[in-house]
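The same subunit A turns up in both complexes below, where it pairs with subunit B and then with subunit C.
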Partner chain A sequence: MLILQAERDALLKPLLAVTGIVERRHTLPILSNVLIEKKGGQVGFLATDLEIQITTASADELPGEDFRLTTSAKKLQDILRAIPDKATVTLEQLDGRLTLKAGKSRFNLQTLPAEDFPLLSVGSASDASFTLPQRELKRLISQVQFAMAVQDIRYYLNGLLMQTDGNQVKLIATDGHRLAFASADVEATLPKAEVILPRKTILELYKLLQDSDDEINIEVLANQVRFSFGSTVIISKVVDGKFPDYNRVIPLDNDKIFLIERLTFLHALQRAAILANEKFRGVRLVLAPGKMSILCTNSEQEEAEEELEIAYQGGELEIGFNINYLLDVLTNLPADTLQMAFGDSNRSTLVTIPDYSNFKYIVMPMRI
Partner chain B sequence: MDQLVLDLTPTPLPAFDNFLAQRNREVITALTAEDGERFIYLWGEPGSGKTHLLQAWIAHAERLGRASIYLDGQNEHLPDFAREASFIAVDHVDDLAPDDQITLFSFYNSLKESGEGRLLMAGRKPPMAAAVRDDLRTRLGWGLVLEVKALSDDDKLAALRTHAANRQLAIADDVFRYLLTHWRRDLSSLIGMLDMLDRYSLALRRPITVPLVKNVLQTASSSDT
Partner chain C sequence: MLFPWQLQDWQRLNAERARLPNAWLFIGPAGTGKLEFALHLAQSLLCEQLQADYQPCGHCKGCRWFEHGTHPDFRRLSPQTDDEEEGKEAKPGRKLPLIKIEAVRQVIEFAHLTAHRAGQRIVVVEPAENLNPAAANALLKILEEPPQDVLFLLVAQAAQRLLPTIRSRCRQFPLSAPSPAQALDWLRQQGVSNAEAELAHNGGAPLFDHDPVLAKLRSQFIDGLGQPTFASILNLAELVDKQKLPLAIPLGWLGKWLHDLAGLSLAGIVRYHPEQQAVLQQLVLRCDPVALMRCQDALQQLAPFGQHTLNTRLQLEALLMDYLKIFAGGRQG
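Moving on to the complex of A and B:
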């Protein structure tokens, strides 16, 4: 029985939007499937890993019967990708099998009953809800996401803290070595709420956000957060844990301060990084009045040295860092000029943007 | 080069509610009683939790809004101004220098005369066996004397688990058992080691496992000697 006929991209685009979260291996076989549901003219796609659930719908109305089925997300995606992009695809369903035809190609896929597909039960009404342009949220996430931990035993670090308070939304990420903070004003009066969004949710959301002024709605639910934008809805569980009070790690009395052009500093570090030790990634910064030297050495005793003129009149300082932590912030910082504030070689360094309080980056040094 | 880490999780301050009270309920009751005995002497073997109790008592006093001071006989002289505090805790009485024993004796007397304030002392031995001046020794025994009972292994395991949970560390139980059998057995050393493992694993981005613990213990014991 013919159930659907559409151009390839009308199916592939929404399919790709949901399949990013599908795990390759899972104890529940149906979780490697995607749920496809046609109601009226709309075809909806849904995937989940039991922590995150993404739904989206085809952009256009499509002809055909109503149906609900699940089939392998990966295989369907690979097939659709491999056929020519303007080709017309037809789907037929018979005896629990799905047949996909395009031109002279024919694929016969297994299905599993849609009733067995586990759906997240959506948490109760939202405490905090606000709207941002997608571009704005994407920009905020890009300023902090690089500082999230990866598979740390402290679960609360494997994600991003989202705080709402009044008309402010704050995002904070830390892996214990550095911490990134970004905030934005929203047109709402929000209750005080905080949730830790899992790393995977953030990476997926970031991928799906468009560089446009179209809005995204964010709702904090009980133990969940819902992101709605365009026809896509992401529902994610939040990390169960208490995020540390990040204010206590922001150094307030660092007195070795200067301004520096972001790109000048970034390029000098990128050149020096070529000879940084591959394992430890150490870089030494040597401050003296009027100049900063950047030194890298690797295990083969090769050396790189850069010298930058800086408007600095404070005391001398030699301090070590993991160069990647500096490159990360310089790459993602939303400004041309930044302020470096050093304390001493054992204490954290603060990176900020002059006259702008919506971004902060704190990085711990390496002991040289 | 060693990566330094952000101080994200503050070390919890000693308080009565993070003291394992099962065996020492009586002690906590005596210390928190509103009009309880004004002179208390705690004794017990090292690592039984006396210092913790003294500091929890000071925190308790501060919550009550009373001027309080904690003095450690092991590494400081007792300052004379301390007698102005209304809650005075003197730790490690057995290690007090002879001069400080006299100072403590005079604290005792002035508190006794004034009829105000409280004095909490702690030492390793019961009063009669305490290695202090005779006059001070008798004073130790005049007030309420309580033994702080040492923790059992199960208590220690429970304390380690709670400490790890408070720091939101996912650690398998075999790590705690390994620590208990391979590291110093008093709780403050064990908790201190757990904090060290926490920092170490954060700096190296490694989970806290038995192999990691072995590694750290080796370094720690070689730097000790």
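Moving on to the complex of A and C:
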């Protein structure tokens, strides 16, 4: 029985948006499938990996009757990609099998019952709901996501804390060695709420967000977060845990402060990093009035030394860091000039952007 | 599914529903339906239209998914799932013996994410004694204080084989074994032929893998044991080897046979082979108790290699030679 007829792109585009999270190998076979649902002219695609559920709808109204089925996401995607651009695709369903025809090509695919697909039960809405331009959210995420922990035993660090308070949204990520904080103003008065978004959700969301002024709506639900943009809706589970109090780690009385060109500093570090110890990645920064030296040595006693002129008139200081933690922040910041604030060699260092309070990066020193 | 002999246990459990602990530990002898009981409880907790007496409805979304093994809020920690995850076909009789730490870590990750449906998240650990020490220790923290709406159900044969730290974090719940009459009734309902003998052979535990081919082979094997001659022994080893059975199976049969021989000669009790009482009686007359113990010792030494790729025929022949020696003295005297 014929259930759908559409141009290739009308199916492929929404399908590609959801298949990013589909895992090839999973203990539950149905999770490698995509749920295709047609309801009143709109065809929706839905995929889940039990952490995130993504739905999109096709842009155009399509004729035909309503139906629901699931079939292998990967195979459907490969087939649609391989057939010519403007080809018309017809889908037919018979006895639990799906037949896809385009021109003289014919594909017979297996389906699984749509009722067996594990849909998330969506929690009740809350007042913590706001909109941001996609570009803005993408920028916020790019400023903090690199600091998220990877498979840390402290499960609550394997994600990103999202806080709403008044007219501000704050994103915080930390792995215990460094912490990144970014915030943005929104046109809403938000209640105090906080959720920890799983690492995978953030990475997936970042891939799907576009550099445009189109808006994305974010709602904090009970035990879930919903992101809606365009015709795509992402519902993510959240991490059940308590994020550490980040305010207590932000150093306030660091007195060795200077401004530095981001790219100059970045390039100097990148050169020095070549000879940094491969395991510990240590770098020594030596501050003296007017200059900063960057020193790296590796296990083979090779040395790299860089010297930068800086506008600094404070006391001398020698401090060690993991060079990757410095490279990460320097690579991901949009600003040209940074402010570095050092305390002493045992205290954390604060990286900020001058005259801009919406970004902070704290990195712990390393004894070398 | 609940077995008829578990109805009282179910009532006893329901009385405690108001104050469910963070973890249950179900204990009972092998083959009496402990896992089924735990799974039934899990299904009832995940059912979205609970029936009277806390019975799951069997047709809501939660129940359907559960029955298909696809419920997103349910995880099962057992050696088999580990095997499947690595993508290898689980060969019968050769499952990974231990639950490893990677599997436990995945479960911990699962438990710290919020639920897929609005209800609880359930983890069944079975058999809990197969957690290796690292895995057991990794489980401790979350077992002590699981996130809200997460419930652990552990299933074990003997609590004392678990780490004391695991034991103390669970509420223990001994499950009753069926009475012989209940077990027989149930077996007959399942259409098992020769129910008494099978039940006796499995020590009164009704949930054995009923495999007619294996049962026939076993009776051939036992008959062979009943006539301990050199030729019949060699035939037996060949018989087992041809079927490519893992060593553990004939070892089990022989172990039970030796147990009955010893039992009959020392105390007059036959546990596993009541239908062979006459044959056993004959054998006991010729049996040398010291050689019997020696044969049992040899069997015990071989037992840990039951799933090993040792040459089954060689090992079995060696063991059966020991078995022959039990009766060697009798023939001379």
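The rule we apply is simple: the second predicted complex is superposed on the first by the 353 of 368 C-alpha atoms of A that agree within 3 Å, B and C clash if a C-alpha of one lies under 4 Å from a C-alpha of the other, contacts with A are read in each partner's own complex, and residues count from 1 in each chain.
The working rule: a residue touches a chain if its C-beta (ideal position, glycine included) is under 8 Å from a C-beta of that chain, and two chains touch if they have at least 3 such contacts.
Computed from a prediction, not measured in an experiment: that's the story for all the values here.
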Could you say whether A:P244 touches subunit B, subunit C, both of them, or neither, answering first, second, both or neither? first
Based on the superposed arrangement, let me know which partner A:R178 touches: subunit B (first), subunit C (second), both, or neither? first
Just subunit B (first), just subunit C (second), both, or neither: which does A:S357 touch? neither
See if subunit A has more residues touched by subunit B or by subunit C, and give me that chain. B
If you stack the two complexes on chain A, which partner ends up touching A:L120: first (subunit B), second (subunit C), both, or neither? second
Have a look at where A:G282 lands relative to subunit B and subunit C in the superposition and call it first, second, both or neither. first
One more residue to check, A:Y155. First (subunit B), second (subunit C), both or neither? both
Classify the contacts of A:S299 with the two partner chains as first (subunit B alone), second (subunit C alone), both, or neither. neither
So the subunit A residues that subunit B and subunit C both touch are 155-156, 241
Across the complex, what residues on subunit A touch subunit B? 149-150, 152-156, 174-179, 241-242, 244, 246, 248-249, 277, 280, 282, 320, 322, 346, 348, 362, 364-368
For subunit A, which residues count as touching subunit C in their complex? 25, 27-30, 50-51, 115-116, 118, 120-121, 123, 155-156, 198, 223-224, 237-241
Contact residues on subunit C for subunit A in the complex? 61, 64-65, 68-72, 81, 84-85, 87, 108-109, 111-118, 147-148
Residues of subunit B that touch subunit A when the two form their complex: 1-10, 167-171, 201-203, 205, 207-208
